[in-house]
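Before anything else, here is the set of structures, which you'll find just below.
Shared between the two complexes below is chain A, which has chain B as its partner in the first and chain C in the second.
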Partner chain A sequence: MLLVADGLVQARGLRKRFGDFEAVRGVDVDVARGEVFGFLGPNGAGKSSTMRMIACVSPRTDGSLQVLGMDPDVDGPRIRARIGVVPQLDNLDAELTVRQNLQIYGRYFGLSRAHVRAKATELLEFAQLTDRADDEVEPLSGGMKRRLTIARALVNEPELLLLDEPTTGLDPQARHLLWERLYRLKREGVTQIITTHYMDEAEQLCDRLVVMDGGVIVAEGSPAELIERYSTREVLELRFDPALRPEAAVIAPLAERVEELPDRLLLYTADGEHTHAEVARAGFVPLSALVRRSSLEDVFLRLTGRTLVD
Partner chain B sequence: MTTQAPAPVPWLRLFPAGSYAGRSHALLLRSATASGRAWLAFVSGFFEPVFYLIAMGQGLGSLVGMLPGPDGAPISYAAFIAPGLLAASAMNGAVFDATFNVFFKLKYGRLYEAMLATPLGPVDIALGEIGWALIRGGLYALGFLSVMAGFGLLVSPWALLALPAALVVAFAFAAVGMAATSFMRSWQDFDLVTLAILPMFLFSTTFYPLSVYPRWLQIVVECLPLFHAVELMRGLTTGVVHLGMLGHLTYFVVMIAVGVTVASRRLDVLLLR
Partner chain C sequence: MSELASESSAQREPAVSAALQGAGPRSTGRAPGPWGGILLVVEHFWTWYRRNWRATAVSSVLQPLLFLLAFGVGFGSLVAGTGSAAEATGGVDYLVWLAPALLAVSTVQSAAFESTYPVLSGFKWQRFYHAMAASPISPAQVALGHLVWVAAKMAGSGAIYVIVIALFGGVGSAGIVVSLLAAVLAGAAVAALVTAFSATRENEGAAFNALFRFVVIPMTLFSGTFFPVDRLPEWVQPLAFVSPLWHGTELARAAALDRWQPLAALGHLAYLVALLALGIALSTRFFARRLVR
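Moving on to the complex of A and B:
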């Protein structure tokens, strides 16, 4: 197992139970140094619970877990000293300024006053917050707070960065800026584990990902591999007048596979335009038709029978 | 960049591995930085017992006259209540910080969650927060002791020990206050804090001697922590020192041990699930 020897995270049969509810039900994960690894799944799939176990802030119920070659149950503080955590909800210190948030957080890691002072200046630059350095945290925009939270997670120069839904609730511009910063970190060799329920985010950022649903992993691979394995090259989306909408079974022979959504039919096919022509020839008249490339959303729909809910 | 493994302390076996990184001073630094803008709270906490001392010690005292001191020798009413107010100000400063401020950070700021993502553990957080409450209680006590000195109410060199004693008292109230806060569910529960603190302040021999109560009520008062704090302070500021005062100290040492342990364990249960 050569890959495992260099693995930053290795989980086997990982489980987490809260009372009667089992949030994570036997998960195997290997994350290699330098890669960006994603947990994709709807809310409640067990992504955050898995992340918390990896972050050493939630003891596992069962299974084995190694982070940076150590067991979180035994070496939690030692592991936490070498990782950075960006939680789902910002938990910045509202009683401190932007700069103080970075400096004081660095002190929690035992870094010297001089070190955190220099580091904070560097990270403010990275987060594009230099001109807000001495402001309070509360008036910052959502995107700024997020960037500050990420900068804060980098104060100890972590080998592994854990990001739990990093762009949830941000506007598109703020998301793109954040993604660009995460690319930059990847180029610098920081291993990242990201949870998300955004397909585009997973496709943009992740080298490899697992799709989670109901506490288990239902698929694993690179975004392109997953699309190839679980979907067709193209998708034809048809919208019908509800009164004239044909049964999925009637239209099924025209495509490799048909998914029925509340507002439209998805026809999975290698050639969307060709299928569109056949639909017309068979006498169906959709209100609108759209041909697009398959995405991870389609993979998820195939694997779970549901679209991702936000 | 290396993180030292915490030295094994036997007492820490009560907690899961990694509960203590030996870095609670980082929390003190955080509180000191954050309180740079909260001077007003400090000032008001300082003046409260001073107002009591003037209103009751000077005003009411002129009607009351002399009262028996700890050894039976008569002392002025102001000299009698001043150590009581000293103990109460140490208590108030510590309790306020360890309850209201801690509750806010726990429920709304999610500050401790952020800290637990670093090498810090629940014991670091408990000691750091209790430590800050203790410093606050200690500062109030120091301020009030200076006022007492100004009024000529410190008549014995033993009074120098009143400050460390006040720190012990503040530590104990902060520890128990933080432990209690960890069980609170909403701001309504803070009425219970007031319900515990106010009668204790009024009836723990702060303003008159224990002898005014019937015996059964004396026993109840003797169980209260503030009673032991007042006795300790009154002995030290009037110079009536005896070995029995170690009993009062023991009371606070137990409070500290129980408070720190319960507060740390509760942080573990609440945040590290």
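Moving on to the complex of A and C:
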């Protein structure tokens, strides 16, 4: 077998077509054991389709794919037995209790009743749901349901955890709690693949990521590498009164690169304060100015000419 | 997960050292066999039922009870002693003649209901079918687990119904037990076909209403439940012959009254088994199409 010893996922020229629409158009991916790997991209970039192929619930149209050294087309159930999946939309049984959801799901993995009973208690602790253990799922908050879904995905002690948009729709507090739990799993050595359209999530969680757009990978690296490669150290954000807003071309000489957004201009520069001073000296009067570090959002803007969340 | 598994750390030690050697800890999960997977899906529904049986038990006993009261006792007293009724029932008490047919009606009706909204919920509202399909369970096992569960539930509530009928004096012989099996077979055939239909629905829309209004209710009225099919105009009779309920009713009645006609019985049985096979083939296929795409 031509497989890297500890490669958990290896895809070459992976494609997925739905009728006339090609959602994934030739993707190469390698995920090593123990790393947290991200797919960053806007809605419709092909992230979820790629995840579903890796999760063995969507046959590939073309290309090769190996998960845990096996082919999803041949060994789907055996692969699914050893991975954990957190889907984009919660699919808990809302009419069962929190504990029952964990237990019955564990049974699908061929685990004994005694085993899932003990495991559920342990996972309730992890998901901070012990005091809600015997409540029905329906009335739980979005964040609690999400934590339960993640706990459920861990019931078989997966070698690979797939998280599709794990924090979409959650409030900031719930997101941070979730990130903390995922970080803890990472420290425990659980390999994770995450799709997200939040650049802060990707920066927080991922060791390595690919930026996807229109079904293809447009860049690959660690968050820091990508920022270094595709952006400057700092960004100066300027907001103007629409009537007094200068053309991007006029202000361009002051920075390495300028991006024009509907509500502001982004000036890419090594030293934001210095550029800010130059802008003032040149006679431009913005309503507000903000200097910040470059982020993956800027990488994405550079690569695709669009923002991530429209 | 060292912190998580602190209680069973002794057991986890080898896995950790394996991880250091580069092999990584091995998941505890494995794929259940073809039958095992179906039974695990049934276990899911059973878990749900243990929590929620009270709500469903009332409706699953009450409705047949109302039928029994209205037609068996009320309507039955009206036709009691009339020559035409005696001719139609072959001389037995109307309630005894009606009871096995009501058994078939109640299983077929609940089979149809259990295979509409609950199936769409598994795909669309609660979406737990998707969760099952993400585990080692296959879409076909999800579909078959649902059907086995519906059949088991029908057998259970049918058995209770038999007891209720007996209390009203509607049981003529021990053959009613075979009637129950016939009723469950007819119900399973209907459940399989309706499940296949529901698996193709994106929205409830008007489809389920139409199904009940134009299929289930006419089937209830014209399948020889309350009067023999030969009392209908000849042009209506073919409707009964395609109805799985009619075939189930004929079998159930033959068993309860011990009036077997071997060739006809074989025909009814073959028809129901064929419908069941068709329904299973379609529903497993449609489940796969919807869950794996």
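The criterion applied here is as follows: the second predicted complex is superposed on the first by the 306 of 310 C-alpha atoms of A that agree within 3 Å, B and C clash if a C-alpha of one lies under 4 Å from a C-alpha of the other, contacts with A are read in each partner's own complex, and residues count from 1 in each chain.
Keep in mind that, in the parts below, contacts are C-beta pairs under 8 Å (C-beta built on N, C-alpha and C of every residue); 3 or more make two chains touch, one makes a residue touch a chain.
As the structure is a computational prediction, the values presented were derived from the model and not from experiment.
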item: Superposition on chain A - do chain B and chain C clash or fit; value: clash
item: Which superposed partner A:Val74 touches (first chain B, second chain C, both, neither); value: first
item: Which of chain B and chain C A:Ser58 touches, first, second, both or neither; value: both
item: First, second, both or neither for A:Pro158, with chain B first and chain C second; value: second
item: Touched partner set for A:Phe240, first chain B, second chain C, both or neither; value: neither
item: Touching partner for A:Leu89 - first (chain B), second (chain C), both, neither; value: both
item: Dominant toucher of chain A (residue count), chain B or chain C; value: C
item: Touching partner for A:Trp179 - first (chain B), second (chain C), both, neither; value: neither
item: Footprint overlap on chain A, where chain B in one structure and chain C in the other make contact; value: 18, 55, 57-59, 76-78, 80-81, 85, 87, 89, 91-96, 100, 104-105, 107-111, 156-157
item: Complex contact set, residues of chain C against chain A; value: 1-5, 7-8, 19, 22, 24-32, 36-37, 40, 43-44, 47-48, 51-52, 126-138, 291-293
item: Residues of chain A defined as touching chain B within the complex; value: 18, 55-59, 73-78, 80-81, 85, 87, 89, 91-96, 100, 104-105, 107-111, 156-157
item: Parts of chain A lying in touch with chain C, wherever the complex brings them together; value: 5-6, 18, 33-34, 55, 57-59, 76-78, 80-83, 85, 87, 89-97, 100, 103-105, 107-111, 115, 118, 122-123, 125-126, 152, 154, 156-159, 184-185, 188-190
item: List of chain B residues in touch with chain A within their complex; value: 1-6, 16-18, 21, 23, 26, 29-30, 33-34, 37, 109-111, 113-121, 271-273
